[in-house]
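These notes are about the structure you will find just below.
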Amino acid sequence: MSLLSINDLQVSFKTRRGTVNAVRGLSLEIEKGETLGIVGESGSGKSVTSYALMRLLESNGRISGGALSYGGIDLRHAKESVMRDLRGREISMIFQNPRAALNPIRKVGHQIEDVLRRHAKATRSTARAEAIKALEAVKIRDPEARYNAYPFELSGGMCQRIVIALALACDPKLLIADEPTTGLDITTQKAVMDLIADLIAERGMSAMVITHDLGLAAQYCNRIVVMKDGEIVEQGDPKRLFTAPEHPYTRKLVDATPRSGASVRSLLPAEQRTPAPELPVSETPLLEVRDLTKTYQGKSGPVHAVKGISFKVMKGQSVGLVGESGCGKSTTSSILVRLTDPTSGEILFNGEDLAKTPAGTFARDPRRAAIQMVFQDATDSFNPRHTARHSIAEPLKRLTGLKGKALKDRVEELADLVGLPRPLLDRFPHQLSGGQKARVGIARAIAVEPQFLILDEPTAALDVSIQAIVLNLLVDLRAKLGISFLFVSHDLHVVRLLCDHVIVMRDGEILEEGPAAAVMDAPAHAYTRELLAAAPEPPALAETLSSAAE
Amino acid sequence: MAGRLSTIGTRIAQSIPVILGVVVVSFVLTRALPGDPAVYFAGAAADEASIAEVRTALGLDKPLPEQFLIYARDVATGNLGQSLSTGQPVLEDLANRLPASLELTLTALMLSCAVAIPLGVLAATRPGSAVDHLCRVLVTAGVSLPTFFTGVVLIYIFYYLLGIAPSPLGRLDFIYIEPDRITGFYLIDAALAGDWETWVGALKQLVLPAVTLALFTMAPLARMTRAAMLSALSSDYIRTARAAGLTEDKVLFTYAFRNALLPVITTLGMVFSFTLGANVLVEKVFAWPGIGSYAVEALVVSDYAAVQGFVLAMALLFVALNLVIDLTYTLIDPRIGFETK
Amino acid sequence: MSDTATRAEALKQQDGALAHIAYVLRSNPVTLLAFAMFAVLLLAAVLGPLIAPFDPLQTNASNALQPPSFTHWFGTDNLGRDVFSRVIVATRLDLAISIAAVALSFLVGSVLGSLAGYWGGWLDAVLNRVFDTIMAFPLFVLAMGIVAALGNTVENIVYATAVINIPFYARLVRAEVNIRRDAGFAQAAKLAGNSDVRVLALHIFPNALPPMMVQVSLNLGWAILNAAGLSFIGLGVRPPTAEWGIMVAEGANFIVSGEWWLAIFPGLALMFAVFTFNLLGDGLRDIVDPRQRS
């Protein structure tokens, strides 16, 4: 008998717009010792499923049908007191955003003790020792000291280890991991996932890993369930899913998952692939950065965010700027787009030093239109009170003086160019989807025909299938308009798809740079190798299959 | 721990510029009087000579910076001038009357905390229930009640109609003997003296004004408790605690309530501000012989030294209360010591 | 842009906002009630003397201290004046004081808060100190001190109420501006060629307005309370002017002998006004941010 079996589960939420069926007739089983991956894009109902089986749904949600059975216990009808005994002892859960998942004003050791004592795994006198043991189990160095720490004193990765320690303290038989690595840096992601995998194997637990990343699921799970709109579209062995996806949606997901050896066109469903455009790169530098530094005055002394970096971007070239959080890539892009002043250094743009014009007055500089940016968070980057049309028209009005019919025509021309249906122009940001907002953001950035476009993780918040479309749009625009790109990202696969040249940054310094293929295939620096190794690598067979299908 | 201690030190040091600011504002208020301050301070019945005397005493013939120094020195040495109406030094008057005000204010605050915080917690844990609705009504009605009006209504109901409250005149009916002054708080002094008859008498007088004041302060406290509790209950760490199977009591009190208490403590500062202000009105309604009614009496007869002394004393009292709140906060929230490190 | 397109856009925008307001009003009829109560207040303030049945200042010693009757709905006071007429006429003065005070603090607070929140630096530090000092006083007590110092007039009540409110507005605006200073849309506006002042005035400040309006509404109630409190202790408004606070103060002397109508009716009017603004503020909060509820 399987450890967990879900049969025809229905979950519905009451909202302003009526009842929403988040999970619609889902059935699955988890065997003892099995790690099941549940993969889906946002809104697919994958997290709701896990909350339903823990009976931790928000107050407006309820299980409206089906059966949930764990080791013979009917989870749907079990008393709340029975559920409380099960949670933490039989079934445990770890979450995304680990720092918020811990009580901010309670020592982490005490939080672990609370769980141990609740499930009678420790007494008052043994609690401390047991908690430290639990910390040791997740390979935390110096657990005695960490016992007394508060969550705010620990890094995100460390907090996730504590959350894992807390979840596993009472030796549960089933672990549910809800996007356990979202928001963590790529190398930390790998460390956390490896730890979870090791612990699962060591203790012979079953696990349910919920993720949007098909590649990650493929690497760590025995079996994968693909969900869409509250239903399972396909399930099976990871390799089989990648080599022979049966459902068109699975195929689309498999295709859209960035991986080494893929081309940007191959991310799209086969029938949408058009020949990739030519992307000529000139030998003339458009932008030349010389010895750029930026030092902030922090609370505990000066912070050197950027420590004297130099690089060039040629006309028509796409350069990738790669690094983990805190490496200085965002500061660099903010300086280059002239929103922040550097502490020292030159920014030669077409031979003129832009650093001589302070950021405060650059808004009225004639060269303002030449350098534009696509922002990371599509929601945050739009004035909530302006329609898409207004947002796209703003730079045109201010920088080109277009008015009336000419302005309207230009905005609509831009909408067509980025593939945004014209009726959507009159919507407000909150009425647009993530992909649509990305298109508006790109339209706004290219509206004034910049020569140089900085893209700050423009697809980080998007589902993979939308990301595939946006990345292809960017390639087409680059070919059509001859813009140079600086693509800032933490995702090496994506950088490789989009860039000719790669710069790897850490701690405000450039560690390595060179042609994308060279850096990716034969990294010179150990850190680059580490980054590459940390990126989840889906089974490579998919590519051959997709090309065979073409 | 060293970080915590130095944080406490920093907090105390931070109140010094505030006190300085208070003294400056208070100085500006005494000198901003339209016309000649000396005439105001000397009072209506003053002749040329006494006005000149006041002018020299206040240093009004000297340049402003020097006047400020004299003023600051006077404040530092406790010289707030003479009250025209009582003929006593203002500081002495205030010191005599302060315990009456504090007894009223603190009783009211304890009363309102004892009702408002549990009510807010209950409302947050049972959204949409009768308790929640009661909380909402109380909150909206409570902030709309002018304290002086509540007092008048309570007197009408409990004194005139029902006759169960004593006449609203002061701290103790004349049939009782005032307890020997130890703390100045009648309830404490009477208890210390073992005079329970007087204790009950003092309590009877205290109930109506304290309830009046408490009704006014309950609303912001209950509202904040409810909101803080709701936001704590919807946070990720509560989900973690529930997913770990912790009991509902543990989740509510150790996890949610302690976190919710932080914003509530911050609100207490604002509540103190309202209470000290409303205190003036309640004292007038109930003829309570505290510093508030002292100031109102002084206002009527244009006794400026007394009024400005009262304003300054209230501000210093409030700064001290805020400091206590800040220190409490520092002790509860471990993150505070970290910021300044 | 062509006319039709502009109109369509405006219509759509209106439609979305209206639909949302309609939704909030439907789910919370109390807000609708608050708007109705506000209309009553405005009517009383504007028409005031026109709808009062008697001259609010006309004394009549032979008709003093009459309980409520058909002729004198709210009874008569110790000088024989009609309490109902006085309550109605007082509306204008009480609303005028609070609206003037709130408008003043809104203006000054918005400007100072925007500057401090956007540019930070020494200006922010200095303003912060000044606001700290103002807030270091129990606010009603500071208002007393200011009126006592500046002189006992209605204008000074307005100024005092405005001064003690400025820190709230300035801090609110500062926080709202500060969190948006580096928001993507503010940066995008700069990339579109907007100078700092334009970004602040046209992009950031309008987004800080909704929470400000909530504050304004809640604050109006508080300002009325404050002004009435000051006149209750004999500051600002002088008798025989009709004003709610002073009427309660005069009536309080008769409450112990059972003549309740003198103090209760003006007190109820005062409560009604404050209650209206508080309900309105809560309702606006729902309209502005539905998440605040629940």
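A, B and C label the chains in the order they appear, each numbered from 1.
Basically, a residue touches a chain if its C-beta (ideal position, glycine included) is under 8 Å from a C-beta of that chain, and two chains touch if they have at least 3 such contacts.
All figures in this text were calculated on a predicted structure; none of them were measured in a lab.
In this structure, the chain pairs B-C and A-C differ in their number of contacting C-beta pairs, and the larger number is found at B-C. Seen from the Cα centre of chain C, the chain whose own Cα centre is farthest off is A.
Per-chain Cα centroids separate chain A from chain B by 51 Å. Between the Cα centres of chain B and chain C there is a gap of 24 Å.
Centre-to-centre separation between chain A and chain C, using Cα means, comes to 46 Å.
In chain A, no residue touches two or more other chains.
Multi-chain contact residues, meaning those touching two or more other chains, occur in chain B at positions 127. Contact residues on chain A toward chain C in their complex (touch as defined above): 16, 337, 339, 360-361, 363-364, 368-369, 371-373, 375-377, 380-385, 387, 389, 391, 394-395, 397-399, 404-405, 407-408, 426-428, 431, 444-445, 448. Residues 129-130, 132-146, 148-151, 221-222, 225, 228-229, 232-235, 245, 248-249, 251-252, 255-258, 260, 263-264, 267, 270-271, 274-275, 278-279, 282, 294 of chain C are the ones that touch chain B when the two sit in their complex.
Put simply, chain B touches chain A in their complex at residues 127, 235-237, 239-248, 250, 254-255, 258-259, 262, 332-335, 338-339, 341. Those residues of chain A lying in contact with chain B across their complex are 54, 56, 59, 83-89, 92-93, 95, 97, 100-106, 114-115, 118-119, 150, 152-153, 163, 166-167, 299-300.
Those residues of chain C that touch chain A in the complex are listed here as 1-2, 5, 8-9, 12-13, 16, 23, 183-185, 187-196, 203, 206-207.
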